[in-house]
Every structure is written in C-alpha cells, then in structure tokens.
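All chains are identified by letter, namely A, B, C, D and E, in their written order; residue positions are counted from 1 within each chain.
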Amino acid sequence: MAEPELRSPLAVRAAALAISGGVGALLIRALLVLPKDEAGLAPLVKANLDASGVKNPVTAVLLNFRGYDTMLEIAVLVLATIGVLSLTIAHSDKWPTVAEHAAPALSALARFLAPAMVLVSGYLLWAGEHAPGGAFQAGSVLGAAGILLALSGYARPAGMTGFALRAAITVGFIVFLAAAIGDMLIEGALLEYPADHAKTIMLAIEAWLTVSIAVILASLFISSASPVEELRRRIRGGR
Amino acid sequence: MPLSEWVGAQLPALVILVPLTAAPVAFLGVRLGRPVALVSALMSQPLAIALALEVAREGVLRYEIGGWGAPLGIDFVVDGLAATMILVTSVIGLLITVYASGYFTDQDRYRFFWPLWLFLWASLHALFLSGDAFNLYVCLELVSMSAVALVALTARREALVAAMRYMLAAILGSLFYLLGVALLYAAFGSLDMATLRGAIRPDVTGQAAFALMTVGLLLKTALFPLHFWLPPAHANAPSPVSAALSALVVKGSFYILIRLWIDVGSPSVAPGTAHLLGVLGSVAIVWGSIQALRQERLKMLVAYSTVAQIGYLFLLFPLVRAGGVAAADAWTGGVFHAVSHALAKSAMFLAAGTVLARLGHDRIEGVGGLSRRAPLTAMAFGLAGVTMMGLPPSGGFVAKWQMISASVLSGEWWWAVVIVAGGLLAAGYVFRVIGRFLGREEAGDREADTGRSPRTMEWTALALALGALVLGVAGQPLLDLIPIGAPALVAGIGVTP
Amino acid sequence: MIPLSTLPAWTAFAAALVPLLTAAGCALPLTRGSAVRLAPLAAVPALAAAVAVPDGSIAVPWLASGIEVGLDGTGRAFLSLVAVVWTAAGLYAAGSPIVDRARFFGLFSLAMAGNLALCCTTDPVGFYIFFAMMALSTYGLVVHGGGEAKRRAGRVYIAFVVAGEALLISGLFVIGAAALGVGADSILGPISTALLLVAFGIKMGTVGLHGWLPIAHPVAPTPASAVLSGVMLKAGTLGLIRFLPGGQAETIPFGTIVIAFGLASAFYGAAVGVFQTVPKTVLAYSSVSQLGLITVAIGTGLAVPDLWPAAVTAATVYAVHHGLAKAALFLGTDLAARSTRRTPVLVALSLPALALAGLPLASGAVAKIVLKEATGSAPGAWSAALEALLPIAAVGTTLLMARFLYLVAMGPKADRKSVPGPLAVGAVALLLIGVGATLWIWPAGEVRYAAEKSLQAKYLWAAFWPIGSGIAIASAVWAARATTSRFAGVIPSADVYAPVFAWAHGRLEERERRVATPLPTPATPILAPERPAAAEPAPSEPSLLARAGLLESALLNWPTAISALCVLAVLLLLLAA
Amino acid sequence: MTQADLYTVAGGVLFTIGLYGLITRPHLLYKVLALNVASGGVFMVFVGVARRVPGPAPDPLPHAMVLTGIVVTVSSTAYALALAKRIFTETGMATLDSADTMEGGEDAAE
Amino acid sequence: MSWHTLALLVAACTPFLTAVAVFLLGEHRGTLRTATGLAGAAATAAAAVACAGSALISAPGEYAEVGFGLLEIGFVLRSDPLGVVFAVVAGCLWLVTTVYATGYMSRSSDRARFFGFFSICVGSAIGLALSANLLTFFVFYETLTLATYPLVVHSGTPAALKGGRTYLNYALPAGAALAVGVIWLHMIAGPVEFVAGGSLPSSLVQTHAGSLTAIFALLMLGLGVKAALFPLHGWLPAAMVAPAPVSALLHAVAVVKAGVFGIARVVLEVYGPLGRDLGLIPLLAAVAAFTIIFGSVRALAQDDFKKRLAYSTVSQLSYIVLGVAIGGPLAAAAAIAHLAHHAAMKITMFFTAGAVAEEVKVYRISELDGLGRRMPLTMGAFSLAAIGIVGVPPIAGFATKWLLGMGSIEAGQAWVVAVLGLSSVLNAAYFFPIIGRAWFRGPKSEWASEHGTKRVEGDLRMVAPLVLTALVGLAMGVLAGAALSPASWAQMVAFLEFGG
C-alpha cells in the first residue's frame, strides 16, 4: 500500500510560500493599523451585566446576550456528532473496540483519576457563573474521563449505541431549545429569560450541556478510534 | 394573547425553531425521521408564507432575541430578501423532503439523513434571518457541517473524498470570513449589520475586513476559479442532497455576500472589487457551461451548470453600482435569478436522481429514450432547462430581463452580452440531455431500467420545474416582495447614477 | 334584333359557367357517365345567352377579388364564336375514339368554361381568372393520351403559358390599380401596355413568341387542337381589345411596332409553314400567319387612336372568321385521316382553306374587307405598304392551304375501325356552315356593308388574284416536286426555337434521370434518405472541449485551487487598499 | 507595537502558516491540522482585539466569540478526522486523490 | 366576465389545458386522449372565432383584454383585429390537423407526448397572436420555440436529432437577439403595446435613431429566423424530419407564421411610420424580395417532397414580409390575408405529403408518377393547393397576389411586380412538375406493383382534412371579395393600421 507523499515538490512549496506569504503580509499590514480607540461593545456588556443574571461577562455574553449563538454552536456540535456517527456506527451499528484487554496499570490510574475529573468538571461548571469556566470546559474534562476509561479498557461503550446514547448527545441541546421556546411562551421572545430565574435557567442549561458535551466528545473520539493494541503493534513493527 | 397573534409576533423565531426542534427529535427516534421531517416541512410552509405576507404588509421586521436588541444582542431581520429566501427554502425543502421519503430505499441505513437534513434546513432559515455578522458565521458553519455530512452520507469512496474536499474548503472559507469579522469588530465595534451600516468607513481595516470576508464567501459560493470543490460534492451526494446543495446552500453564502456588500458596506468600499466580481461571474458563466457541455455524467453536468449559474449572481455587483433604476433592476433580477435557479436546479437534480434510481447510473450516453419510460422526469428536466436557458416563460427569463435591463440602462452593455451568451451555452448542455431523452434507446438500455420511480419522486421534480415556470408569468408578487427594505442604493428612487 | 330578352347581365356569365358542372361531374364517380355525355353540349347555354342577353354589366364584388360580368358587342361576338367552336369540337370529340374520356371531357369542360366566361367578364381580375383557367386546363388536353412527345410538347406549352400569365398579371396590376385611382404613373402605363402586348402576343403566336404553337397543336387530340387554334388564341385578341388603352394618344408609339410584328407574323408563318410535313403543324403556322393579320388591325388602331373602334371591329370579325375556318380545318384533318373516302372531305375542306385566303362569298372575303377598311387609314407609308402587302399575304395563305391539302391528301390510309360517325361529320358541317354564313347574317352595320362590298367586281378581283397566283405557284411547285420535295421538312417544326427546346428538354430529362436513381428506403423514413454524401471528415482534433477539460482538471487540483484562492485574496486586499 | 498587536500579528502569522500547510501537505491529517493552526491564528487575532479596549478588563465579546469558535472548530475537526479515517479505511490512502470524484455515479437510491 | 374576455381566455388557455390533460392521460388511454384532443381543439377554434367576433364588434381601442402584471409591462392578451386573424387560422387548422394527426399517428408510438407538445405549440401560437404587448408576445414566441423541439425530434432517430439541433442552432440565438431587442426597446420607449399605426412616439427618431435602428435589426433577426428570411432559413428544410402533422401545422402555419406575424406586429404596430422615417423598411423589403426568389430557386432543386414544400414555404413567407415592408394599406392587407391563404394551401400540401408517405411510402417527387389515379382525392387537393400557391385564380394565392401587386403600385414600389412575376414563374416551375407527374404520367414506383393502380385513398381521417383545407383555400380565393373573408378582413385591418 503506497503511503502518500508527506510533502509536496519544492516548486509547489516555493509557490505556496510566496502566495500564502502574500496573503499573510497584506493581512498583517491590515492588523497593524487596527483602530486603537475602539471600545467595542464592552461598555454595553458592562452596563447590562447586572440584568444578565451572572457575574462573569463572558458567560453573560455566551448564555444570555448572545445565547442564540451558543445554542447554534451546540447545534453544530450535535450535528458533527451525527455526522461522525453516520460515518461510523451507522454502517456497522456497533462501536469499534478501543482496547481489547484492560491494561492493569492504566485501568488502575483511570479508576483513580476518573472520580477526580468528575469533581473538577463540577467545579468548572459552577465557577463559570463568576469566573472563567462553564459548560464546555466542564464537559471537556468529563469527556476526557470517559476517553481515559475507554483507553484503559476499563469501560467498553459497545452496548451504548441506542436511544440512551442519542438522548445523552442531544439532551443539552434539547434543554437549551426548550428553554428558548419556553421563554418565547412566557416572555415573548426567544431566549428572553424571566429576570428572576435567569441564573437558574442558565445553570440548568449548562448542567445538561456538560453532560451532552462530555458524551459527545467521548463518542467523537471512540467512534473513530482504532484498537489500542493494533496501534501498538503498528508502532512496534514500524511502517 | 390569542394564538394567532402570538404566532404572528414569533414568526421569525418559529420558522427556525420548527426544523431545529424537529432535527434532534428525528435523531432520537430511529423510525421518526421521515414522519417528523414531513410534519416539519408541512409546518414550515404556512409559516414562511405568513412571514412573507407579513413583510409585504408591514415592511421590514426586526425580532430581538433575548429581548436585548442589537448591538448587544442578536436580531432577526426580515426584509423582502430574507422573506423571499425563506419562502423559497421552505417550498424546495418540502419537495425535497417528499422526494427523499421515496428516494432512500434503505431507510434504516440512511436514518441519519433526516436529522442532518432538518439541521441544514433550520440553519438555512437561521442564516437568512440573522442580522449579526458573527451569528452568520455560526450559521455558515451549521450549513457547511450539515451539508458535508449529507454529502458523505453514502460513504462511497467518491462521495467521501468529495465531502472531504468540500469540508476543507468550507472550513477555510469560514476562517477567512471569521477573520474578516474580527477586523470588522475591531474597526467598528459592532457585529450588528444595521449598526455597522452606519459606522462603516472605507479605511484600511474596513476594506481588509470586506476583502477577507468576500474571499471566504466566494470560496463557499464556488465562484470561478474557486469552484473546485463544487462539482464533485454536488454530483456525488445523494440526489435530494445535491438538490438542496445546489439550490439553497450556495445561495446561503451568496446571500451573506450581498448583505455585506449592498446592505452593509456601500460600494464606496472597494469599488474595483465590484468589477472583479462581475468579471469572475462572467468567466464562471462561460467556463461552467463549457465544462457542463463535456461532462459524461448527468449529475456532473448539472453540477457544472450550477457553477455557471452562480456566475449570473455576481453580475449583480457591478450592476448595482450604476444606481437608480438600473440598480433596482439588477437587485431584483439577481435575487430573482437566485430564486428561480434554486427551483429549477433542484428539479434537475431530483430528475437526475430518478434517472439514477431507475438505471443505476447516470451516464448521459445511457439515458436514450427515457422520455418514453419516465416522461414526467424527462419533462421535469426539460422544463427546468428552460429556466437555465433563461427563456420565457420562466423565472430565469424574468431575472435575465431585469439584469439585461440593468446593463443596458447602466451603459455597461457587455454584461448583457455575457448573459445572452450564457443562455445559449446553457441551451447547449440542456438540449444535449433532452436530445438523449427523446432519442432512441440503445440496446440494453431498457433492460438496465429497474422501472423504479415512485410518484413522489417524479412529481416533486416536476412540481419544482413547474414552479420555476410559474415564476416566469406570475412572478410579480415576488418581484414586489424582493425590494422591500432593500438598501436605498437600489431602491430605485431618488438616487442618481 | 338583339337582345331577345331582358335577362340580367349576370345570366350570360352564369351560362358560361355551365361547363363547370360537367367538369365537376366528370370528376365524381357517380355522375361521370352522364357528364361525359353532356359535356359537348355544355356551351349551348352560353350560345343562347350570347343571343339572348342584352348588353350591360354588373359588379360581383364578392367573387374573387371583386369582378364585373356582362356582355358588350365584342364580348357577344367572341362568346358566340367560342360557344359554336367548342360545341362543334365537343360533338366531334364525342364521336371520336378518345381514351380516358372522363378526364378528357373534364378538362375539356374546364377549359371551355374558362374560355366562355372570359368573354363575359369586363374587368381585369375576372378576365384573368378565366384566361388562366382555360390555359392551364388545356395543358391536360395537350398531353392527353400520354407519351414522351406529348410530354415534351406539354412542357413547352406550359412554359409559354406560365410566362404569359406572369407578364399578363403584371400588366393587369397597373390597370387594376388605376381603377382604384392609385399609381396612375406615367411610366407604368406604357410598361403595362408593353406587358399586355407581349403576354397576349404569346397567346396569339406573334412571331418571336410563337414557339409553343407549332409544338402543341399537332400533338393534342384533334378537338383540342381545334379549340386551341380556333378560339383560345382569340382570347389573346379579346384581351388586347379589352385592356389596351385603345383610343388614347399614349398608344401611338406602340402602333407601328405592333403593325410590324403583325406583318412579320403573317409572312413568317406562311414562309415557315410551307416547309412543314405534318398537316396540323401547317395549320398551326397558318394560325401564326392569320393572327398576324389581326395584330396588324390592332396595331393600326393603336397607331391611329381614332381608328380604334374600327380596328376592334376588324379584329373581331377577322377573329370570328378565322376561328370558324381554322377549327373546321383541324377537325377536317382528322376526319380526312379517318375517312376511307378522302376526296369529299378534301373538297369540303377546301372551302375553309380558301376562305382563309379570302375566297369571295365565304367569310374570308368579308373579313378581309373589314380589315382593309381599318388598315387603309394606317399612318404614313404604312397605309400604302399594307395595301400592297396584304394581298401578298393572301398568296402566302393560299400556298399554305395548298400545302395543307396536299399533306392531308397524301396522309396515311385510314384505319377502318375509327371511321367517323355522324357526330364528327355533323360537327365539321356545322363549322362549314358557319364559315359560309356567319358574316352574312352578322348584325353589325360595318360587316353588312363589307359583305355587300365584297360582291362588287373590284373586290372580287382583289380577292381572286392572290388565290389564283397562289394556286399557280403551288401547281408549279407540285409539278417540280422531284426537286421541291427535297425542301419539305428542312425547317423543323419549331423553327428557330427548335434548338432551344431540344437543349432544354435534354437538360430537364437528364436531371430527371439523375434524380430518379432509386435509393434504399430506411426502416422508418420520415424524410427521403440522404443521398450518400462524401464521407464526413474524420474528427482530427483534440477538440476545444477536450482542452477545456484539461485546463479544468488543473483548476480542480488542490494546490492550484487554494493558490487561486490566495491570489484572489491578495487581489481583493490590494483592490480594497 | 503594543501587546495587543503582538497577539494579532502572531495570529496573522499562524493563519499564514496554516494556509501554507493546507496547500503543500497532501496528507489529509496534515490538512486538518493546518486548518487548526489557521483557526488558532484567527482566535489569536480575536484575543488581540479583545485586549485593545481601554481599562484593565478585556472586551468579553471577542472572548465569547473565541469560545464559540473553538467549539465549532472542535466539531468540524472531529468530523474532518472521522472523514479522513473513513477515507483511509475505504481507499487505503488519506489524500484528496484517493478516488476520482469526477467519475463514480451510484448513489443511495439503488 | 363578459363573453369577450371569456373567449379570449378560452382561446389562449384551452390548448395548454388540453396539453396537460393529454400528458396526464398518457400513452395507453388512446380513445379518451383523442377525444380530449378533439374537444380541446374544437373549443379553441370556437373561442378563436368568438374572439374574431369580439374584435369585429368592438370599437378600435376598446378591444377585450385580459391579463395581469409582470415586469411593469403586464402579461396581457387582447383580441384585436390583426391578432385574431392568426388566432383563428391557428385554432381552426389545429382542429383539422388533430383529425389528420389521429390518422397519421395511428401506428406511431409516443402519441401522448406528440399531442401534448402539439397542443402547447398551438396554444403558444394563439397566445402570441393575441398578445397585446411585446413582452407577452416574446413569452409565447419562445414557448413555441421550445415546444416545437420535441416534435421535430419526435422519431428519435439520429437524423431527427440532427434536424432538431439545426433547428435549435437557429432558433435559440434568434430568441436571444429578440430578447435583447425587446428589452432594449423597453428601456428606450417604456412598455411597448401593439397599437394600430405604431406605438413608438415619433419624437424618438430625433433622440434614439441609432438605437432604434439597432433594435429593429435585432428584432428582425429574432423574428426572421421563424419567418425563414434569407439567410436565416436553414432550419426549416432541416426541420422536415418531423412527422407530417408537425410540418403541416407548425412548419407551414403556426411556427413560421409566428415569425412573420411578429414582423407584421413590429413593423405595423410598433414602429409604424418610424420604420419608414428611419429607412429600415426598404431594406426589409429587399431581403424579403430576395428570399422569395431564393426560396423558389432552392425549391426547384429539391427532389424530396417535403423539402420542396419547405423551400416553397421559405419563399411564400416572404410574401407576407414583403407586403408588410412595402408600407401601404393594400400591400399590408395582402400580407395579412396571406397569413390565412398560405396556411390553408400549404397545410393541404403537407397533409398530402404525409398521406402519400404513409399510404404508398413515397417520399420523393420523382416517385410520384401516376399517383393521381391511385389517390385522386389526395392528389386533387394537392393540385388545387399547388396551383393556388402559384397564384392561379381564383384560388387563395391569387387574392394575395392581386392585393400585393396593386399595393406595391399604390405605394410606389412597382418593382415588386417584377418580383411577383418572377416568383410566379418559379413557383409554377417547381409545382407544376409534381402535378404533371401525378396526373399525366404512368406509375412506375414500387407502390404500383404492390397495390396496383387501383384507387385506394389513405385513411379517411387523413383524406378528409386535406380535402377540406383544399376547399377552404379555394373558397378563400373564390369568395375573397365577400364580407369576412380573410382578404376583406385583412383590408379592414390594414385600413385601421394606416388610418384610412
């Protein structure tokens, strides 16, 4: 089997350098003359921060002022997951094996680390209200825990291809959507949180998003993975 | 609050939410995909019509998401253009949905089609309604992501590689766009298009922002010479997907482009660019048509036809610069072209899909005499071809009428020459196929025919083609809708060229 | 004495159209038998109308492009002549062994209707309609029976007819337009006159335009030849009388030319005719010659506008005389050929033959006097010239007739099976009576005056000496027949036209042969199969499309594509700056 | 040159590097990575933009946008990698030349 | 809705509805389909006649109209006296042709497709006849272009496809030229209505002389292809691969007449006196005159029956163009009358060609010998029509020629008379040999040995229509002067065009 060339011929590289360099030069030239005194929307965010229900301005923007962006962003994530699943398990209906055997040292480590990661994740979720953090960060850590368990052979996701998986993937998005629609019914506009319950609603959304993001990230990894043993064999055997 | 009034007030949100809610539901329930999609499609229809009527009655609508209002929050902006695009998307979407429900024989294997398709639909609606430059980026990503996933759905190797090509191009295009958004925000401090319209200045940053966003969107719109990803992707996708891609998806990025150029940035930003785009559009018309002429596969031919037809859209840019009536004509003509092309092109791809379903291949050589066996499909292809050629009675003709008017009025008659030549070239490739359809069956053609063409497939293609024709004689309501809320530049009154 | 009734003007026209009924009858299977039997008598109503319907005309605006029908003196004379000759020919045909009778009598009736009706119309459109109807249906009569010779003759005939019709309609446009009060242009008037002269000249066989006459007459079935020569040629005369702007000063320049052509025809016809070897060809040339004399009369009327009425009378009278006599001669030719006892026929035929030469007591003498009355006032030297030349023309006529009678007498022995019946004999007899009697009972004053005059000694002598001289010369030629017979046939039957016709026939027949090469018929032919053309040039190009394809695959190449993107980005950034 | 400029210029450079890699590297994995580098560049520009506001606190809006952008990039990267993997499984190669996309023809309707 | 507008709607819409019904009924429900086709054609013919009645009793400027807005111009139908001439001709002959085609196509495949597109073609012809403005006209004009294609290539053979391609190669660029001309004209003059006597304001001559000339050239280029003006005529002989009913109704009446009718509309009712002021008309007249002669000369050289007829059509169409271009009321009347006259005669001839091809498989003139005895009605009808075209009275062609000749003198263009004369001679030269062969020669072709010379006409459904049209052609000539005859009607129209 012919491996593809990893690099292009010199002429191509030279030409690519020239033209991408051209783009870069012009780009940098524009970046260097950015207006210095443009305050942007920061003052506006600051002025409305209290009304948003959270103290962290970034979270306020993400979940309240521009919550719609975030809702669509989650849609992208769900969508990518569906796409990946359509390329992987849709045609075989079962997960690939990540690790055939539980590696003793690794699974011990995983057993130790995983609860800690769950804890960290919970903290990140909570901290997002007033400091950097939030659902994505929390979900990433949680998802990493899942991947670790899979790589160590401790947990096998083989059975989880059905409704439970799909529900876990979409639950965050669905909650978000439900909140958005609920707001429409109650307050009259999409994602217009009732002033008193804004924080609660956002926290609820974030919590469910954390679950979904974790499951999504883990399944994105696992669904395309090759068995660890095979990789190991290939590395030993060289190319 | 009575329901009807509530619905009236929430229309912009509802047209997005219906498919957006349907998408995860279709994903959750394995067998729910098809019924949910059909229900969603049928609901989108009245909503889109109501929205268009609302715009026709009330003028431009703004909807403040989260109650914040731009520029802090994100607004939906529904003007004539947006309402038109929503209307077209919902009509074509409905027919594609019906078609797809007959097209995928192995519903289980292609069960992910439905959520992906509903996401695509929702994201198109979101894109057309968005009034925020960054939100448009997210919408673009949603559109691209779902489109790519749909292209790769069959997991045939050609489809996979085409999807990869498409994916890389789409991400790159989005990055260029996003870079432009960053500069825009840095320079003018807002992401809301209406606010930006007031703040825009033709300084270095502003112009660089426009240039970068334009490049990204050109790549996503596949304007010559950036069309490299389009023919393989559109031709190797399942046919309902091809139809959606060619009819709607490329229009999405084009839509942002004209919003940016004509709505936000007046042509005082980078005047030379307008002519460059016009020239590239002209080349696309000729080049795409020539390539279509030499294709051996039906879907490839149709895909190259898209490359050509996209070129027409870009003649809009130089033509609106003339101002006055010419600009108004160019604006409505360009948009009308997008609309009628959407209808006709989806009809063509759906017809090609029926051919594929029957014959198991789409080699033009092998479709001899198909008009005997699948007359509705041949008819659909032919009628759609009328719009491609820009002949009356078809929406394509009305669009060309407006664009030629604009070019004559503005004194830049050479665009008219291109438009006319493009129509003739289109006739070349359309009749190449029709001639085969009407011609003799080669030995074995009949045997290869499985005869499988459900009525849902044949009639939906025909309905779309007929829709494109109806636009040609009864398109006036749409012609009246399109300019509502159009920028003063093209409103046609009181502006001197 | 005339009119005998107060019938409206259109009745004559309606009567003239009666043969259309028999024509239609011959076409329809059910009525075919009776129509064939009735066709010979179809002209009788018209004859009755000629006698009974008073002068006058009426517009029929709904018919064709609006026509006018009715009778005047001239029309009545021609209508009578036409009706009599057609009846005689019809009766003769009924008594002749003609093949395919339904078709023959159908076409015969159609031509008859045209010929009769054109006498009853007084406007250009009406005249043209029936003139064309007559001329075109006669084609069918000329070629009736089929065969190569007839086809060739028919071809010549139709070519002259078509050319004549085209010229005629062109001339008539001007007249029609003038009637509407438009285009009364000074230049168009003379052009129109010239066109009419040429168009009718073709019909009348004026020298130079006469090529079809000696070709078509001999091949046609005899009754058809009789009407052709007897009355159809006279349609040209009637046309000239009707549509030339007679009596107006503008015609003067045409006068002498027409007289000259008339005279030339008179002599040329005689001179060429005597060399012919077929009796009917001789008669055809005689017609050329005789109609030349009528042309002289017309020319005189043109040259001296005041004389126009007299010229018209002369032309009319002469036309009647010649029509009856010539028809009798044609029918007689056939009668003689079919008769087992030829002498009585020859004797009978010598009456019209000599009548043509101006024999006293017969129509010819009267006609010639009327003619002389008119030509006597010809302008300048023409008067004297005509005075001298007309008797010489009569000598020529006599010679021609002698030649004719000689050829008839020498003709091949008759076939017993086709002995003429009473109908045929009666038809000839009818015409002979006409030749003898018509001009004596002619009601018009001038004719009666001339008829009386013809019995004066001076005129008897003037009539006799050319005949006598002619007979003498003929006798001399006969006496020296050992020498002179070598000259028979040295001039071919179409004289100067012969090589032209031969060439044209050759070309056409050659083309026909080429075209008719049979080709295989394809399985589902819609069009005839293509003639095998030269092989298509083999496609030798890496075609433009293929080259476009190569370029496109370069564009689709990833590094190229992204580079193009970068270049575009650079361009846009630079354009923006 | 301020600190903000340093970020933005570095972002520009990263974007350029990504562009270069995208052109020159045939392997799909590299192409996806190149795009990741380029998006990193874009995010750097955002971060630089966020820093330019007067006062100690950066503008939260670009930060929020970067976060959204990251999620989007993660999504598309994940999908692109899955696609590349699948291409490799189907063709044994992971380049854009793995199949002739202009030919082919069957699709889901068989 | 008054009966005036109702008639207008029925006339324009019925063919399209018929087409839809025929397509839907499909290949296998033959009887019902035929009945539908006949009913549609009959309704259309009746409605067209009703439109004519409406035009007759309406005062000028108050003709019935129906339409809706489109592109600030409107999609408007109107029954004016000029338009109804063509509408009635197309509508009535469609009915006849439908009967004929039922016979002709009885053994053919793809009949639903055939009759469907046929109906669309007729509908387009009637629609463009009744169009009230240039936009509407153009819409129908192009519809006609497109709907004709499937009929030209109907048999699907390579030869048919080639013919179809040739057709498109001419028709589509022509459509493009027409489109540009129409749009450009609208830019200059606003919505262009058809108004008797011309709708362009004379002030335009001063301001836009150059543009108007260029537009006129574009319009003539566009219309000239269908009108088969030299050198744009090449498609017509090539299109003879189509089945006979198509050649008969479309390539002798509907399609080609659409071109000449358009020229008439443009010259008489758009440009009006401007055409003369700008010096455009004489050039058009010259081209038409040349085409008349050229077509005839080319016809002489054809042995293929239908191709000879096609070249004859090329020649005859230019009579109409010439009549329009002469620029006088009588000549214009001739042109308008010839729309109907030529239609009746030429359709007969194409019917004959088709009947002969179907019955005895004869496609060449050199194989026609003696056919008069075998198919006397058919060949009789043909002969009547042929001598009519030649201009022999009292058949319809003569009525045209007479008006045209006088009209040319009236307009001071007497040179046209020479063209007419020469053309008549040439017409005779290519038609008379056909008559001569059919009636005055003995049979020599294969059919004679197969069937003998026994009289066996073809299918009655084919013979009856062609006899009928031949008689109509005769009647049009014999009764040309009668009220409501095409010639009289045409004079009435011309009277309106030239304001008395």
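As a working rule, a residue touches a chain if its C-beta (ideal position, glycine included) is under 8 Å from a C-beta of that chain, and two chains touch if they have at least 3 such contacts.
Note that the coordinates shown come from a computational prediction; the quantities given were computed from them, not determined experimentally.
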Taking contact as defined at the start, I'd like the list of chains shared as neighbours by subunit D and subunit E.
B, C
Which chain is most remote from subunit C in terms of Cα centres?
A
Go through B-E and A-B and name the pair with more C-beta contacts between its chains.
A-B
Taking mean CA positions as centres, which chain lies farthest from subunit E?
A
What chain lies closest to the overall centre, CA atoms only?
E
Which whole number of Å gives the spacing of the CA centres of subunit A and subunit D?
15
Averaged over CA atoms, how far is the centre of subunit B from the centre of subunit D? Could you give it in whole Å?
25
Taking each chain's centre as the mean of its CA atoms, how far is subunit C from subunit D in angstrom?
98
How far is the middle of subunit A from the middle of subunit E, if each middle is the mean of its Cα atoms, in Å?
71
When you check subunit D against every other chain, which residues touch at least two of them?
15, 19, 22-24, 26, 45, 49, 52, 61-62, 65, 68, 72, 75-76, 79, 83, 86, 96, 102
What are the residues of subunit C that contact at least two other chains?
556, 558-559, 562-563, 566, 569, 573, 577
Set of subunit A residues in contact with two or more other chains
8, 12, 16, 20, 23, 26-27, 30-31, 34, 38-41, 45, 66, 69, 73, 76, 79-80, 83, 87
Complete list of chain pairs which touch one another
A-B, A-C, A-D, B-C, B-D, B-E, C-D, C-E
Subunit A residues within the subunit C interface of the complex:
8, 12, 15-16, 19-20, 22-23, 26-27, 30
Under the stated contact criterion, what part of subunit B meets subunit E in this complex?
368-369, 371-372, 375, 379, 382, 386, 389, 391-393, 397-398, 400-402, 404-405, 408-409, 416, 420, 423-424, 427, 431, 434-435, 438-440, 472-476, 479
In their shared complex, subunit C is touched by residues of subunit E numbered 155, 157, 159-160, 240-243, 303-307, 330, 357, 361, 363-367, 380, 387, 391-394, 398-399, 401-403, 405-406, 408-410, 412, 414, 417-418, 420-422, 424-425, 428-429, 432, 436, 439-442, 477-483, 487
Quick one: which bits of subunit C touch subunit A in the complex? Just the residue numbers, please.
559, 562-563, 566-567, 569-570, 573-574, 577
Once bound in the complex, which stretches of subunit C touch subunit E?
27, 60-67, 125, 128-129, 132-133, 136, 140, 143, 146, 151, 154, 158, 162-163, 165-167, 169-170, 173-174, 176-177, 180, 182-183, 185, 188, 191, 512, 515-516, 521, 524-528, 530
